[in-house]
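There are two complexes below, and they share chain A, which is joined by chain B in the first and by chain C in the second.
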Partner chain A sequence: MSSNHNHGIHHATYESIDEEVAPGLHKQLHRQYVRGTIYVWFLLTVGGVLAGIYLTPIFMPHMNSPEGRAAVETVRVFTVAAAPVAALVCAVAIYSLINSRHRSHLDTPPVDGPPLRGNALASGAWLVVSTLLVVFLLTWGLAEWSSQQVVHADALQVNVTGQQWLWTYSYPAQTVILPGGKTLSIPKAVDATTLNLPIDVPVQFNVTSEDVTHGFYPTQLGIQGDANPGVNDVLRTTPDRLGKFVVRCSQICGLYHAYMYTQAAVVPDSTFTAWIAQGSAGQVLTSAKTTRGAR
Partner chain B sequence: MRRLLGAGGAVLLGAAVIALVGVGFSAQAYSSPRGVLKATSLGMDTTCGKSLPHVTLSFATYADASGTNDAGQQVHPGGNPSWPSYGPTNVFQAPAHACVTMHITQYDSGGTLNNPVFAKVQGTVGDTESVVSSGKSISGCDGTSPLTFNGTPISAIQPCDVGHTFSLRGLPGIAPGFFVNVPLPLAGDAAGDNVGDLNTDPHQTVTFSFISGPKGTYAWNCEYPCGLSVASFGAVMGAYGYMSGYLHVV
Partner chain C sequence: MTTTAEHRLEDTVLGSTAGRFYRHQNFGTGLAGGIGLGFLLWLLGEYTVNNNPNFGTDMVVALTMLGWVIGFNLGIGTFNAVLHWILGHDQTKEDELYAAGVGQGKSRYWKYCTDHKVVGTQYLILVFVLFFIGGTLAMMIRTQLLTPNSTFLSPQTYNAIVSIHGMTMIIATIIMVSGPFANFIMPIMIGAKDMAFPRLNAMSIWVVVSAVPPLMATFFVGGVNAGWTTYAPLSTQDGPAMVCFAFTIITFVASVTVAGINTLITVLTMRAPGMTFSRMPVFVWASVIGGALGLYAMPAFLLDMTMMVVDHTTGTSFFVAAQGGSGWLWENVFWIMGHPEVYVILIPPVGALMEVLSTFSRKPVFAYKMIIGAMIGIAGLSIMVWAHHMFTTGWAPDLAGPFMLTTELISIPTGIVFLCAIGTMWRGSNWVRLPMYFGFLFVWNFIIGGVTGIYLSDVPADDYFHGNMFVTAHFHYTLLGGAMIAGTAGLCYWFPKVTGRMLDEKTGRWAFWTIAIGFQITYLSQFYEGFKGMPRRVANYDPIFAPENLISSIGAYILMAGWIVLLYAIVSSWRSGPIAPANPWSAKSLEWQTLTPVPLENFLEDVTVVNDPYGYGQSAELQVHAVFGSTGAAHHGEGH
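Up next, the complex of A and B:
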C-alpha cells in the first residue's frame, strides 16, 4: 500500500478492492479520521451527559406538582440518553468540516472515495443500539404515563372553559376534602377568571371549549390537554408546592392566541377557603394573594 | 481572512435586517392606522377609592364600520362595510397606576354570550358599571321588562342582552392578575348604520372606573361573538382593529 499527499489530504491505494472497501476493524480504528472522530465524539458525549444531568434542572421551570417534576426528570433522562447519538452526528460533522475544508485556491477537488459496501458489524451494531434506546425511552414514557392515571374519587372538580381568547373556571357545588381531614363545602357553583388550587388536594380538570380548539396548559403543573367544543377532556394532578404560575393556550386559536393566558396559583387551604367564600354571592372571582415558597 | 470577514459581515448584516423587520412588525402590531386615543386628565381625586391621578377615555361601539360618528367622521376608514367596530380608534393610552374612567357609548344591537361569565362586571371599582339608556328602548331578552337603565350601578346584565364587551388583560409578563370585563348592553331597534346625528339613535352609555396597572401594553377584545363562521368568531372578530385593540399604559 502506498500513499501520496495532496495538500495534506492522504489518499491510500490498496492491493485489492476488497481490502480497500472493507479493511479489518483494527485498520479502521487506526485511520486518522476515525480516531479523530472518536475523540471528538467522546468529548461531546461527556459534555452532553453532564449538561443533561446538571444544566437541565437550571433551565426547566419550577414545578408545582409531581407530574411536573416527572416531566423535568424525563427531559433530563432523555437528554442524557440522546447525548451519545447527537454527539456522534456532531463529531462526524465537526471533524469533516475541519479536516476536509477547502484550504486554498490551489486545492483540487478530492477524488471519489471507494465505493461503499455493506458492513454487517456496523449495521448490526447500529440496529441493536437504536432498538435498545427506543425500547428504553418507550418503557420510561409508558411507566410515567401509567403512574399518572390514578383516579381520586374525592378530587376537587374544576370546570375549565376556553373561548377566544380567555380561560374561565367554574368550581361546581361539591364538598372538598382538605389535608388533615378538614372539609370545605362549596354550596353552589363559583365562577372565576383566575385559577386557584389548594395545596395537597387532588384536582380533576374538566376541560372544554365554547368555540374552536384550545390547549389547556397550566405550565407548572406538568399537564396539558386539548379543549375541544362539545368534548370533556379530563386532566388530573395533585399540586404539592405553593407558588404562582400562568395558564396558557397551547393550540393556535386565532388573533389573540398569544394573549390567552390567566393567572394561577397553588395556595394554602385557608387562602383557598377564603377566596372561594367570596364567590358565594355570585361574584366572579379574580386573583388572590398567594404565598410563594417550596415545601 | 478577507473571506472570513466577509462571511461574518454578511451574517451580521442579515441578522440586523431581520431584527429591523421584527421591530417594524412589532411596532405596527400594537398601533392603529386610526391613531391612539390618549386619556384626558381630570386631576387628583378619590373616584377609585383612594387619591390617584384621575383620567378619562370616551369611545363607542358602532354597528357599521363604514358609517360616521356624531362628529361626522368615518368610524373606520377603509373598514369592511357592515362590520361593527369600536371607534374612533382601537388603541388607547392611559397613565400607570391611575384611576381610569371609561365612557363607552354602545350603538349596536347584540345577542347572547357564549359564556355567561362575561355578562358580569369584573375588575372595576366595586365590580360595577353604570348604564344610561337613551332613545327608543326594547324589551330585554326575558321578554318582560324594557332594557332601560337609569345610571344606577349594576354588577351584571342578562347574558342574552349583550351588545359587546370590553375585556382587558395585560400581555404576558405584564400584570398577569389584571383583568377588567365590562358587558355593554345592546341598544334599541333603531341602532343601524350610524349615519347622521347619532344622538337621536338609541344607545347605551356605559361608565366604569378601574385602577390601571404598571407600565406596559394591555390587550382588549370583545367577548360577544358577532362575526361569522365557527361560533361566530370569524370575520370581524378575527380581524384586528374592529373588536380588539390595545391599551398602552405609560
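Up next, the complex of A and C:
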C-alpha cells in the first residue's frame, strides 16, 4: 500500500548527488553558506547592538532616580548581550530564505538536503554560550537588585493609599536627618492628592489600599509595588533629578482604572518645605507652586 | 487488521436500532437540553434561594449555568454510554459503530462522535469560532484605543471586553493545536486506530463547547471587570458575571483534563509495532508533554475558580482581605496554573513547527533528542517560575532572586528550540510552500518575544515594565506571534489531510504578508508604548501615548484583515479546492502514508514502523518510516 500512495517520493539521496558533482563542490558550497550566514549575522548583530545602545534611552523616559536608570541600563545591556544570539537565529533563517532554489518548481518537493542529525560541537557551543549568558543575566540582575535593597537609616516617610480610583499621599509628622547633617522637618501630618518629593532625600513609600488591589507606579522612579488591602508594601528610592512625572495605576482596579493617576514631581528642598507648610496650615495639598501646569 | 480494502468499516450497513439514543441526538438536542435544564434550575433558584440578600443572584446564576452545562451534555449524548452501563446494559458493536459516525455522512460533525478524526475537525471549527470572537473583541479594544479620550465604549463595557478577549484567546490557544491536530493527526502518526478512550475524546469537545456560552453570558449579567486574571478582591466585587466566568473555567478544566489523560494513555499504549519512543515524531512528544503539563496546571485553576464560586455564592472569604482572606492566595494559585499554561499553549505548536521545518527543508529534525529534552526541560522549569508574575505585588520579596533564577534558566531549553529550528533549516532545500512561510515568521516573532522576556525576568527592569503595555506586547509576540503562527503553519501543513483538499496558497500568501506586517506594526507600537510607561488595560490614556496607539490600532486592523483573508482561503478551499493526494508533501510520517480521506480506523493494513520519520537525504533503506500489511510481519517484534 505504501508504494501506491506515496506520490513522488524522491529517493535521490544527498550522498547520491555527491557522486554526480565534482568532488569538493559540496565543501565549497558549505563554505559559501557559512560565509554568507556570517555576513548576515555580523550586520544584524551590529544593528542590534547599536539599537540597544542608542535607541533605549530615546524610547524610555528620562528617569528621576537610580532605580529608573537601572531599568534603562538593564534594557541596554540585555539587548547588547542578546543581539548576537538573536542575530544568529535570524541570519540562518534569512540565509536559507535567500538560498531557496526552488521558487519556480513549487509543485514537487526539491531534492533532499544533507541529513544533518546533530552536531556535538554546535550543540555543545550553543549550550555553553546560552548558559554563560544566563549566568551573566542573573549576576547582573542580582547585583542591581541587591544594590537597591539598601535601607537608609533615615528616610522621608510617605504613606500611599490607593482607593477606587485615586491615590492619596500622606506625610506623617517626622524629622528626617539627611546624610549631610541637615534636617527636614514635617511638624504636623499633611495629606496631599499629588506627590512631591525633595531631591536627594531617601524616601520610603508605605503603600496600601482601602478596597481592591492597585498598582503604585511612579513611572520615572523605576519602582513599582501593588497596593493591597490590609498590607503595607514598602518601596524605597532616592530621587536625584528634578522634574515632573506621573504616578499611574498599573493593576486593573475596576471602572475608572484608566483615570487613576496623579501628578508628581521631584522638587528642590526649599520648594518642598514651603509646600508642606501650606499643608500644615490646614489645606489639602494639590500641587506645589513649581509644578503647576504639569501634565 | 482484518478489514480489507473491499470492505471498509465505514461502509457497514447498520440496523435501524443501532445507536439507540444516539440516533436522536445532535447539537440541536444538546442546545434544547442545556436551555431546558438551565431554565428549570433558574426557576428553582428564583423560588428558593433568590431571596437571600447577599448571594441570591449569584446562586441563581450558578444554578442556571450548572443546568446549562449538564443539560447540554445530556442532550447531545455525552453521558449515554455511562448511563447505559449504570442501568446494566452494554453497548453493542453496532451501537459503537453508530457512535463512531458510520453511515451518517456530514451530520456526524454535529453529533457526539467517537471517531478521533471527527473530534479533531470539530475542535478545528470551534477554534475558528473562538478566534473569530476573540479577534472581534480585540478589534473593539483597538477601536476604543484609536484616540486618547475615545467614548466608543463605556469603561464598563471596555473592561468586560478586555476580560473576555483574554479568556477566549487563552481557551482558543490552549486547544488550537492540542484539539484539532493532537486528535486528528497524532493517533495516525503513531499508527493507532483511534484514541485510547474514544468516548472521553468525544466528551472533551462537547464539554468545551458547553463552556463557551457561559463566557459570552458574562456580557449580559454585568460583565467581568477584572481582566482575564480576575485578581481578587476586585473579582469578588464583580456581580454574577464572575460566576459565569468561573463556570466556564471549571467546565473547560474538565475538558482539558480528560483530553490530556487521553493523549497520554494513547501514546503510552496505542503505538504501532516498532514505534519506539526514539522514533516518535516530535509532534507526538510535544502533544504528550503539553498534555501532561496541562494535567499539572489545570487543577490549580479548578481550585481557584471553585473557591471563587463559593466566595460568591456562600460567603466564604478565601479572597476577601477584610474577612481574613488574601488576594495573594488567588494570585499564587492562579499563576501556579498560569505559567505552566503558557507552555501548555506553546509546546504542541512547537512540535508541529518542527514537523513543518523538517518536511519543507527536506532534512531530518536537527538534534532530535535535544529538542525532546528541551521540551521536557521547559515543562519541568515552568512549574517553578510562577511568582515572576508577582515581583511587584509585595508578596515574598526575598524570593525575587530564586524566581529570577528559574525564569532565566528557561531561556536555556528555549534556546535549544531555536538551535533545533535553525539547525533543521541550515543548508536545507527550503521548499517555500505556505506552511514554511509561517515557519519563518515564527522564528522572527518568537526571537523578539523571547528577548523581551528576559527584560521582564529581571526584577529591577520588571519594576518599570510590570503592568504596562510592554508586557502586553511581549506575550502577544510569544503566544500570537509564536504559538499561534506555529499552529497556523501546522494548519496549512495538515490541511490536505484533514479536509481532503489543497489549500489555496496564492490567497494564503496574501494573507500571510498581511498578517506578518500587521502583526509587527501592532505589537512593535505596543512595545514602544511600554517603553514610555503606558499601563495595560486602560480604556483611555494620556495623550502623550496617542501616536503609537493610533499606529497600533491601524496595525491591528491590518492583522485582522489578514486573518480574515486566511479564513476565506481556508473556507473556500475546504468547500471547493482541488482534491488533495494522500501525500502532497512527500513527507514520511504515518499520517501521510494512509489514504485521504482517512479510513475509519486509519489504516487498511497493519503498520510496522522501521525507522524514524526523518530519513530525508539518507539511504533508501533509512528513508522508509513504516511498512504495511504482511511485509510488516518480517519486522514484527523488533524494537517495540
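One rule holds in what follows: the second predicted complex is superposed on the first by the 232 of 295 C-alpha atoms of A that agree within 3 Å, B and C clash if a C-alpha of one lies under 4 Å from a C-alpha of the other, contacts with A are read in each partner's own complex, and residues count from 1 in each chain.
Everything below uses one rule, namely that a residue touches a chain if its C-beta (ideal position, glycine included) is under 8 Å from a C-beta of that chain, and two chains touch if they have at least 3 such contacts.
Please read these numbers as outputs of a predicted model, since none were measured by experiment.
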Inset, instruction - Look at A:V246 in the shared chain and tell me whether it touches chain B only, chain C only, both, or neither; answer first, second, both or neither. - result: both
Inset, instruction - Check whether A:L116 is in contact with chain B, with chain C, with both or with neither, and answer first, second, both or neither. - result: second
Inset, instruction - Please indicate which partner A:G279 is in contact with in the superposed arrangement: first for chain B, second for chain C, both, or neither. - result: neither
Inset, instruction - Have a look at where A:P198 lands relative to chain B and chain C in the superposition and call it first, second, both or neither. - result: neither
Inset, instruction - Once the structures are superposed on A, label A:E210 by its partner contacts, choosing first (chain B), second (chain C), both or neither. - result: first
Inset, instruction - Go through the superposed model and pick first if A:A82 touches only chain B, second if only chain C, both, or neither. - result: second
Legend entry - First, second, both or neither for A:G254, with chain B first and chain C second: both
Inset, instruction - State whether A:G52 touches chain B only (first), chain C only (second), both chains, or neither. - result: neither
Legend entry - Which superposed partner A:T168 touches (first chain B, second chain C, both, neither): first
Inset, instruction - Determine, for the superposed model, which of the two partners chain B and chain C contacts more residues of chain A. - result: C
Inset, instruction - Once the two structures are superposed, pull the chain A residues common to the chain B and chain C interfaces. - result: 211-212, 229, 246, 248, 254-256, 258-259, 261
Legend entry - Touching residues on chain A, where the partner in the complex is chain C: 1-2, 5-11, 13-15, 30, 33, 56, 59-61, 67-68, 70-71, 74-75, 78-79, 82, 85-86, 88-90, 92-93, 96-97, 99-103, 106, 108-119, 122-123, 126-127, 130-131, 133-134, 137-138, 140-142, 144-145, 148, 207, 211-213, 215, 217, 219-220, 222-226, 228-231, 233, 246, 248-259, 261, 295
Inset, instruction - Enumerate the contact residues on chain B facing chain A in the complex. - result: 114-115, 117, 120, 122-123, 127, 155-156, 167, 169, 171-172, 176-177, 179, 181, 219, 221, 223, 225, 230-231, 233, 237-240, 244
Legend entry - Sites on chain C touched by chain A in the complex: 155-156, 159, 162, 225-227, 231, 233-234, 237, 321-322, 327-328, 361-364, 366-370, 392-394, 400-401, 404-405, 408-409, 411-412, 415-416, 418-419, 421-423, 425-433, 440, 443-444, 447-448, 450-451, 454-455, 457-461, 463-468, 528, 531-533, 535-542, 581-586, 593-595, 604-605, 614-620, 623-624, 626-629
Inset, instruction - Spell out the residues on chain A that touch chain B in their complex, using ranges where they run on. - result: 161, 163-166, 168, 191, 193-194, 210-212, 229, 244, 246, 248, 254-256, 258-259, 261-263, 282-284, 286-287
